[in-house]
Structure formats: C-alpha cells, structure tokens
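What follows is a set of structures for review.
Below, chain A partners chain B and then partners chain C, in two separate complexes.
So, the complex of A and B:
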C-alpha cells in the first residue's frame, strides 16, 4: 500500500499533449523549418552551409545563454552590446599594442567583464534600480570608455593562431560548435542538477518567497549578471577571432538578436521559467532564418524587419499564454 | 432580519436570480464540481460553505464567468445562459459582481476614481467630478458608511477598501453580489458593519452569495445555505432549520468533538528571548520569551505591529534597538538566511505572495529551504532523496495531492499552507514563527494545523503565532502578548485568558487593577 502510493505520487506526470507541445514548440518549429529548407533549397542542404550555420550561431548562442540567466531571474541586461565591444577592443589592444600574451589578455578581459557584471548586479539587486535602466546606463558608460581607449578605430593584427577559436576545426567539426555544446551541457547540468542552479528559477519565480526560504537572493541576482558578462566575453572573443581585429561596434546589432533568441527559446520575460537547450535551439533557429534570407538574397534592412516580426510574435505568444 | 424574511416571502414565487443546474467542472485530473445545484433568490443572503477545495470558489467563478462549466446549465433571472461564450464581461453586464478579500483597486487613485473607473460621467467631453461626487454621497448615505472617498485608497484601512469595492459593485447596478471570504481579514467591529450593509442590500432585493469559513457569521447574517464537500452538493436549506454542530457535521462529514487539542504541558528550557525590540513606526520596547514546548500568541489589531515583529525576529525587518538571546546566547540575526541557519522557520501571512513559488511544483516548494542538504557527490542534487523526503513529510501532514510534480498554484489554501509548514519541518527548525497560519482556510484544515502545532510542541519546538482570531489564540497558546500600536499592552496567561481581557488591551485600554 505504502509502496503503491509512493510510486504513484513520485511518478513524473506530464501535463498531457498540450503542455508537451507548448513546452517544445520551438523544437517542433525548428525541425519543421529545417525540413522545409532541406527539401526546397539545394544551397541550404550543402553540408558546408549547415556547418556554417552552426558555427555562426555558436557564439551568439553562448552570449544568449548568459542573457538567459539574467532574464531567468526576472531582470534584463542591456549592456551586453558594449561588453562585446569592450572585450574585443581591449583584447586586441592588450595583445597588439601592448604585446601581452594571448592567455593573459584573455584573463584580463574576462576579469573586466566580471567587474562590469558585478556593477550591473549591484546596481540592480542592492541598489534596487530597474535592471533595464541600470544596464542601459552601464552600456553607455562602457561605450564611452571603448571610444576613449580606441578613438573609435579598430585594432587589427591579432596573431593568426587565435583564429582557431572562431574558425578552427576538430576533424570535420567546427571548434565553435564544440565549445557551444560543452558550455550548454555544463550549464544544463548546473541549472537542473545543482541547488545553486535551481535557485535562479526560485528567485525569478518569487523573489520574496525565495528570500524567506533562506536563499541568498542578492548573491544569486548578482551572479546572474556575472555569468552573463563572462559568457558574453567568451562570445565576444570568438567573434573577434573571426576577423582577427578588435572592433568596438562588434556587438552593436547583437543585443536585439540575443533577446530574440532567449525569448524564442521559451524563457519567460517575467522570470522563473526557461531552459538552456531552448536557448541553443533558439539561436540555431534564428541563424537558419538569417541564412535562408541570405541565400534568397534578401537585403539586410528586410532581414531586420523579418527578425523584428519574429520577436514581436514570440513575445506576444509569451505574454498571452495563460500560465498557472 | 424581519424585513429580509418578508422580502423572501414576497418573492417566493419570484424567479430566482441565479439558478445553477447539474453543474460539473473538470480540470485536468480533478473534478472540482460534480453535479452541483444552486439557487439564489432575490433579497436572499445565501451562505456557500465547505472545506477548502470543496469547490466554493470554483462554483462562484462559474457564476461570474471566469470559468466555463464543463457540463450543466446556468440561468440568470430565468434566462438560460449560453455556456460557450459566457465571460466575466457578460456576467457584469447582467449585474453579477464579486467582492474579493484581496483587493482589485488602483492604490494610487482615490476611492471615487476607483468606484467610477471606466464609467466616468462626462460633461462636454470632460469628467463631471461634481456629478460623481454627488453620486458617491448618495451611495454613502445608502450604505450608511463614513469612508473618505477623496484620498488615495492606499491610505484606507482594509475594511474601508472593501467598502470601496462594494460601492463599485453597487454603481454597477448589481443584482447579485458575491462576498468571497471578505471577513477573513476583518476585525470584529468591521464584520458587524458588513452585516449591516448586507441587510441594507437585501432590502433592496439584491441577492448575496456569502462565502466564509466563519460559521458563526452564517448564523448571524445568512438566510439559506448550501454545503459543498469534495465538489459534491451535500445539502441546501434554510439556516433557521439547523444549528452549528449540524452544519459542521455536513461540512466535514464527521463530529467535531474538541476544537482545540490539549495544550502541551511539558515545558523545557528557554529557547528564545527578545529584549527591547524597537523598530521605527512598527513596534517599540517589546520583550518576550519562548520556551521549549510552548506556543505563544501575539494578538493585536491591524497596524499593531504584529507582522513586523515576527518579521524582525526572522531578520527581515530593520531594528534600531534590541537583543535576541537564543538558548541564552546573544545572536544578531542579519537576514532570513541567517535566521534559518539558527533553526528558525517562518510561515508568512501571505502564502501565495511570500510563502510559495507558484511556478514550482510541490516537491520543489517543499524542499526549497533544504535543497542544499540533498546532494550526490557533494555538488549534484539527489532528486530521488529529495522526492522521498518531500513525500514523507507531506504524508505526515496529510497533504491532499496526486503527484509531487503538481504545481502548487492549483492546490486549495489549506493544502498550500501545509506545504509552507512542511518545508520548515523538513528543515527541522526549533522555532516556528507563524503569521496567521489559518488565514482563509477551512475548519477541517484549521483543525489539522492546530493538531500539527500541538504535535510540534510535544517534540519540544517553540512556536510564536500571530492571529487575528482570539478564540484560536486562547485555545492554543500558553501565553498571549497583546499589542496595541506597537507596544505590548498585556501578557495574558492562565485564568486571565479570556476574550474580555484581550479585547481591552487590543483597544489600548489599561486594566484598573
């Protein structure tokens, strides 16, 4: 009797087909999209093109996974675009102008982004500023420093070997793809299998209740911004390595894509809900669409329009689905 | 009362305001209502009673159009309502209003604006404030209330906010008003005022559906009753034909022999001592002490500083002065996390806002403070052990659920409260701070919480309990600290534990001894 009751109540129950569909909507759409493109476009199904999509999606996916943590805790980080610029330009400056070894420069820029993350977090969590405003301010300040440091000009001449990060292959597999999956798996385990990871969901779902349950809500809140900044700087290094030049404008158009990806991946803008692999699929989804538009030679401004419509649609669905 | 009886007599041939026939409401996995019938006549106050999860709110939501019944028929003033597209908007236009205990008011706007929101009268395109002001005065005369409608509602007392909500319903020309556990958060005096208003409304021929957990109220102001139990219709009839024990038996399906368990008399060492606790605008110079196996009560009106006091003990309210001695050793509690580490658990008054994470399931809510204890290889969560622990503790608390992976948002109030208590029992706390642990839950669940508190004291735990219900405090506590405007007026124990003594101190009257 006891055994029976125990089994019954600890059995994972699914919310039925409807909740399955709404949970994995993005995956289903993604498979449908890829299938259609594979069947109709010969240029698309070229393996070279497919690998290219994944490689291009990789670093944006890594940055989006960072933003995911901030949104999961119910905040928003607008400063990622200038963090990307900062990492890119200072890294190039440290290596090319000052002649530091690459590993040391990497360490320094990651440290810088950690500091930015802490500032974002402290302003939002302890200073109780709306995160949108706090990070917008930080974004502009960093952008200012980027300009002051570089005068607005790119710094080129990074060592050839650094190119491996963004364009290298392990066998036939692009290195960025491997990096993305390793990070995704680590973060998946972190968010689902550790108590600290679960705390992000708790804090985003109900800040006060989490606080009263003894979760270190301030630490978790700040940590989300730090994780975001660190993953953003890894992504920025990858993007920089493709051109081997530091560029302050590198991240200017990425903020929009990153937001789209995180929401596409099923993360609730209210916080408390979302999955790491949803974000990865969201990144691939958006990249496939971009790729298709390029193959169909649609002009860049029209690509913005299409991406804008996608974001509006997804946010509309997110805001109007009844959540219990 | 006489006049309302007359109204009923006059209208006994009248068409019922609301008639629900064979209503069934199904949610995934649960049958919330099973073949329920309900009739409301004009000028009648109809009590809808039953335990938590019995289906009272579900039924009222079917009537207001928030839910659409799976099966069954709804007639409003004899007219069949088409179920398929019945909405809240339609029910409002048919004259059905609901007044909740939780407010749906714009806090920054005045009472006047709240009442007429969306229905402003205009004169050549501008809002005609004078006309609105006149209307409000008429309403105030009609309800015989003296509430300031010209200040932002956030400055109003709970009872006054409810009057504003009622006024809003009346402006809406309501024929049916549902009172959804309105009195659960009110003090005695304000409850009497609500009763008076109900009588005024009845004379107007307005039908009232009265949902409450306080059965005395049913006998005081209702004409008829309908009892629900587990979504089934148990009985309906005239209140005059039954007495309280009969009603209780119908509600819980058993005899309630002794409402309060025997107070534990095995008292141990001093657990917690508080000295000179002072926080600006909340309370000052509060001293209290709690021993193992004791329940101490904190009584006081709204604004007496009860909630702030327990929050401060839990490290969630700033102090300017005061000492805490835990087992004789002085500690400085910095924040809730610290308090929990010291073995203190807190059951907050607003369980939906502060006690639970509505996005989480039962298991995750139960283990929220203890997550870090269930580890594999030092870092990974041991989910099996977590589920086992959550299962065991919830079994002990007799929680009614079908899966640990069920979201807590759809559980009844009593079951939700059990989870909030369960998480601290799992944490094995020594001291439980409970802020209104039985707020808005039914008798059956209350009784279970009482025996649970008793069980905890037998294990040598100490409990500090805040409650607006004097009866509850008298029945459960060893000692009652009565607060008035932030000061402990009196500590009541032994033979002095009577309602009269407590009421005097509640109102700030010093005894002339």
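So, the complex of A and C:
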C-alpha cells in the first residue's frame, strides 16, 4: 500500500527506451568516456595503450565475474583477496619448491579454491551466517594458512613459458583479452540460456518464491560461491603469471576494486539484478579511468579519491544499482 | 514478528523492551565465555592476569573499542560503515595539519579532528539517507576517498605532533599519576558510558533501533528517519575521530598508511558482542565486551607466541562461533 509512495520503487514498472537507457547506463557512460579520451589524448589513442588497458582489465574482470554470481544471489564474498593470495603462493610453491608440472599444480589450486568456495557456501547457505561475516572469517583463516605455508615471503622462479597466460599474444591480440571474452561469452550463455543459470537471478530476486517453485536454492547458493572461487583462482593465476612469482599479498588491494566493478556493472547488492557484460564493461571502465590518470601523471592517492567519487557518481546516475 | 502500521509508537516500545530483555541474557552468556577464556589463558600463563598485562590489554582495546562503539550505532539501524578505519586515519592526519601547518592551539586541533570525523560520517549519512545509496557502497566510496586524501594531504609521510608537547600524554600519560593506568583507558571508559547513555536514555538510541527494525513504519509514524540516519552516521564518524585522537596520541604521529583493516575488526567486535547485522537490536555493553574479547584473545595468543597471521585466523574462528551460537539462540526462541 505505502510502497507506491516511494519513487524508487515505481521506477521498476517503466519500460521502453527509458528502461533501455537505465539498464545500459554504464555502457553509455563508458562510450562517452572513451570517446572523450580518444578525442583529447593522443597517448590514449595509441593501439598499444588500448590493448594494454584491456590486458590489465581482463584478469580483474574474470575475478569480478565470479564475485558477480555471489552478489547476484544476494550474498557477498569478502574472501577473494585471500583466495588470490592462496592460489598464487600455493601454485608457486607446488611448481618451484615441489617441482610438480604446471598443469597438475593448476589442477590442485583450482581444487583448493573449490573447497574454499564450498566452505563459504555451506557457512552462508546452510549455516545461515551473514555472508559478510562468514567470508570474512574464511578470509582471515586462509590468510593464516598462506602465511604459515610461505612464512610471508614470495616464491619466485616460475617457468618462463607460464608468462604466456598473462603477457602472451595470439597474433596481435593479447591472450588475456581472448580468455576474458571466452569466459564472458560462456557465462553470458550460461546465465541467459540455461535454467540453472537463470535460477541465480531467481534465488537473488526472491528466495522464498524460488524455493517454492522447486529450485534447489541451497545448491544454487553454494554453486555461486564455488564459481566465484574458481574464477578468482583463474584470475589469480593470470596475475601471478605476470610477475612469475607467488605472493600472498597479491590480492590485498583488489577486493574493493572488484566490488566497485561489480557495482559499476549495474549489479544490485540486494541480488537478483545484473549482467555479465555489465561487469566486463565495469572492469574496462575502471581500467580506463586508472589508465587516463596514469597518463595524466596523477599520483596514486588521488586515484583512490577519484575512484571513490566515480563509484558514487555512477551509482547515483544508474538507477539499477540505486534501487536497493 | 508481524507488525501492523497503525500503532507505530507502541511497536517501537515493544521492540525496545524485548530487545533489552534478550540483551541481558545474551550479555551474561558472552560474559561467561569471556571469563572462561581469561581463565584458560591464566592457567596456561599466570602472567596473563598481572596488573601490567591487564593494562596492556585495556590499552589495546581503546582504538578498536571506540570504532566499534561508533559502528554499533550504524549497525543498530541495519546499515554498515566500512569507512571507520580510514576516517580515523584521515581525522588524525587533519589534526596534524591543523597543528603543524595552521598553528592552531591544541584544544582546537583536537576539536578539529573530531569535526573532520563527524563530517565524513555526515557525508556517509547523507549518501545513505538522501541519495538512497546502499550503506556498503556509500561507505566503501568514503573509504577510498579518505584513504586517498590522507596520503595526499600528508604527502605519504607521517605527521609528527612534536609541536604540541603534551599531545602524547593524552593517551599514554598515567591517569592521576597511577603507574600503568593510561589516560586512554579512562577516555574509553568515559566515552563508553556516554555511548551507553546516548543509546539507552536518549531518543537517538531508540530511533536507531526503530529504523533498524522497521524503517518504513518508523517514517510513517512521523519520525524524520533521513535526518536521524545522518545524525547516527555522523555520530559514528565522531567516534572514529575519537579513535583517531587516541591512535595519533599513542604514536605521537598521524600515520597516513594506517587504517585499512580496522573497520573489519570493529565490525567483528560489534558482532561478537551480539549485535545483529540486520539491525533493530543490540547493546553497547555487548560491543564493549566484544572489543575486550578480541584484544584479550589477541594478547593471550601473543603471550603464547602464536604468529600474528595465525592470531587473526583464530579471532576469525571465534567470530564464526559467536555468530553460530547467536543463530542457534534465535532459532530456539
């Protein structure tokens, strides 16, 4: 009865061009931003720079796509920063210290991240803990393990060939970019064309209704955390391959970047609303901003200030994210 | 817990009463666990309860305790503030600037730090209440902004308070000359009492709980929830300013790099103290207990020479247990 009084709730019922604009506001802002930069900055136009932006954005984008699934179901995964550290340090440890082949080490770290994802999911979905707290706890515990395993020191000396994952080219196209688009397309098809994929939206949109209509809500909720952990570990392997060294602090600064990207991409923090390509554009958006600030030689601290202001501005403009 | 909207004032009172009864039984349980924990460490290391170590634990509680008190008010409304750590740093950096660059006298410097904290909180509150930003996003942006500004303003160098000779004594001086009894502990105690009074005797505490349990009903019953939310977030920022004073006084300098991670510890203290992240219930006593539990646990583990990283893992486990038992208790009710 009172609900109609609130303007933010009535917006949901509008349609047509207005709805298209509000759904893809981030894309419009992104195109505007890139056009302005293209026209005004000659260094930005350089194809090398453009590829560089996509290359740097791609692994963060892959991690953000993982976080997207968790947020889509109405939860939040704070543990990604320490999952990144875990994958990085254990992968380097397995390859360099124990001499395992790369493929086996990749398999083992992905398995480890699946276990972490299941723990996150079980604590949140079956244990009914708030996801913020559950994953915070898991984050602290994994960080402890990472430290015990490595003593806090980085492990360097990964084989040169592994560098291809993060810095390789197929023809002129950077490999990370191809990887990002392949994953994005697979996930796009998954979330829009399969019933399991669509059930993530259902669970996030209305948990009770999804349960009553026969969706295995617990399975979907846990699967979201597992997908998040697996994509995070793929991203972490990419980030590790750039420096060829395992480092437990690799993901420490990334959690809030990832959150920002998911929100910029138009995902609602209450769950049930968002798009995979929104996340990809969010990642490119943030990277373009960082790149422009580096080209204009703005100091790193100012970049944080600007990122914070941009986050608020985009959320204010984009009614999708504001509807929470 | 069905509520009708035609008797809003009664509902607020009901909620207040049930939550205060529930709080009391809960506080007893938390206190019991805390005493067991102290006994455990005492048996293993009798030094744990020496006068010096108790004072060390209390001193270590100060910064986190103040932050947790502020965050608690926001959590009562069902919101969250993840910017308290960096707002704390920013307010202490600004105090340093006021002292060294502007040459303000010490009382004004301290007041200015508090105002900076309260202002950051007010901006958070404005974003949440007037611009309909989700609290997580509004305060996350504030976290980035204050983190950046602290570094920009300070030039990424610590700012020393050597120009004001008594500054270090504000936190680390001895109260009434009693050795080991730091001023900071008294400050925490006084502010905790003030917070308790604000929470239980003034309208702010009541409205915070009312907003947390049913915001629409509260608004419809004539409370200007927007303004109260701004006030509550400002209060949280003000407490971060208090924490900034203690922090910079202990170090006799404002360290612009500090701050990240403090917000999570403050939220952990509030949650261990039995405050629900959904809002609408909780207690100040619980928050202080939560902060004490974290610092006592960390101290005990340090005495037993457990590595730092493992300490945070164990604090994490305690947090998980606290939430688990809280859930079970709620289901039983």
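Here, the second predicted complex is superposed on the first by the 298 of 324 C-alpha atoms of A that agree within 3 Å, B and C clash if a C-alpha of one lies under 4 Å from a C-alpha of the other, contacts with A are read in each partner's own complex, and residues count from 1 in each chain.
Quick note on the criterion: contacts are C-beta pairs under 8 Å (C-beta built on N, C-alpha and C of every residue); 3 or more make two chains touch, one makes a residue touch a chain.
Source: prediction; values computed, not measured.
Applying the stated contact rule after C-alpha superposition, one finds that A:92 touches neither chain B nor chain C. The partner that reaches more residues of chain A, of the two candidates chain B and chain C, is C. Of the two partner chains, chain B is the only one that A:273 touches; chain C does not reach it. In the superposed model, A:258 makes contact with neither chain B nor chain C.
In the superposition on chain A, A:57 contacts neither chain B nor chain C.
With both structures placed on the common chain, the touch criterion links A:211 to chain B but leaves chain C unconnected.
8, 324 are the residues of chain A that lie in the contact sets of both chain B and chain C, per the superposition on chain A. Touching chain C in their complex are the following residues of chain A: 2, 8, 76, 123, 127-130, 132-134, 136-141, 143-148, 152, 256, 259-260, 263, 269-270, 299-309, 311-312, 315-316, 321-322, 324. In the complex of the two chains, the chain C residues touching chain A come out as 5, 80, 127, 131-134, 136-138, 140-145, 147-152, 156, 216, 220, 264, 267-268, 271, 277-278, 307, 309-310, 312-317, 319-320, 323-324, 327. Residues of chain A touching chain B in their complex: 5-6, 8-13, 15-16, 189, 193-195, 198-199, 201-202, 205-206, 208-216, 272-273, 323-324.
Taken in their complex, chain B has these residues touching chain A: 28, 314, 316, 335-337, 339-341, 346, 348, 353-360, 364, 368-369, 371-372, 374-375, 379-381, 387-388, 391, 395, 401-407, 409-410, 423.
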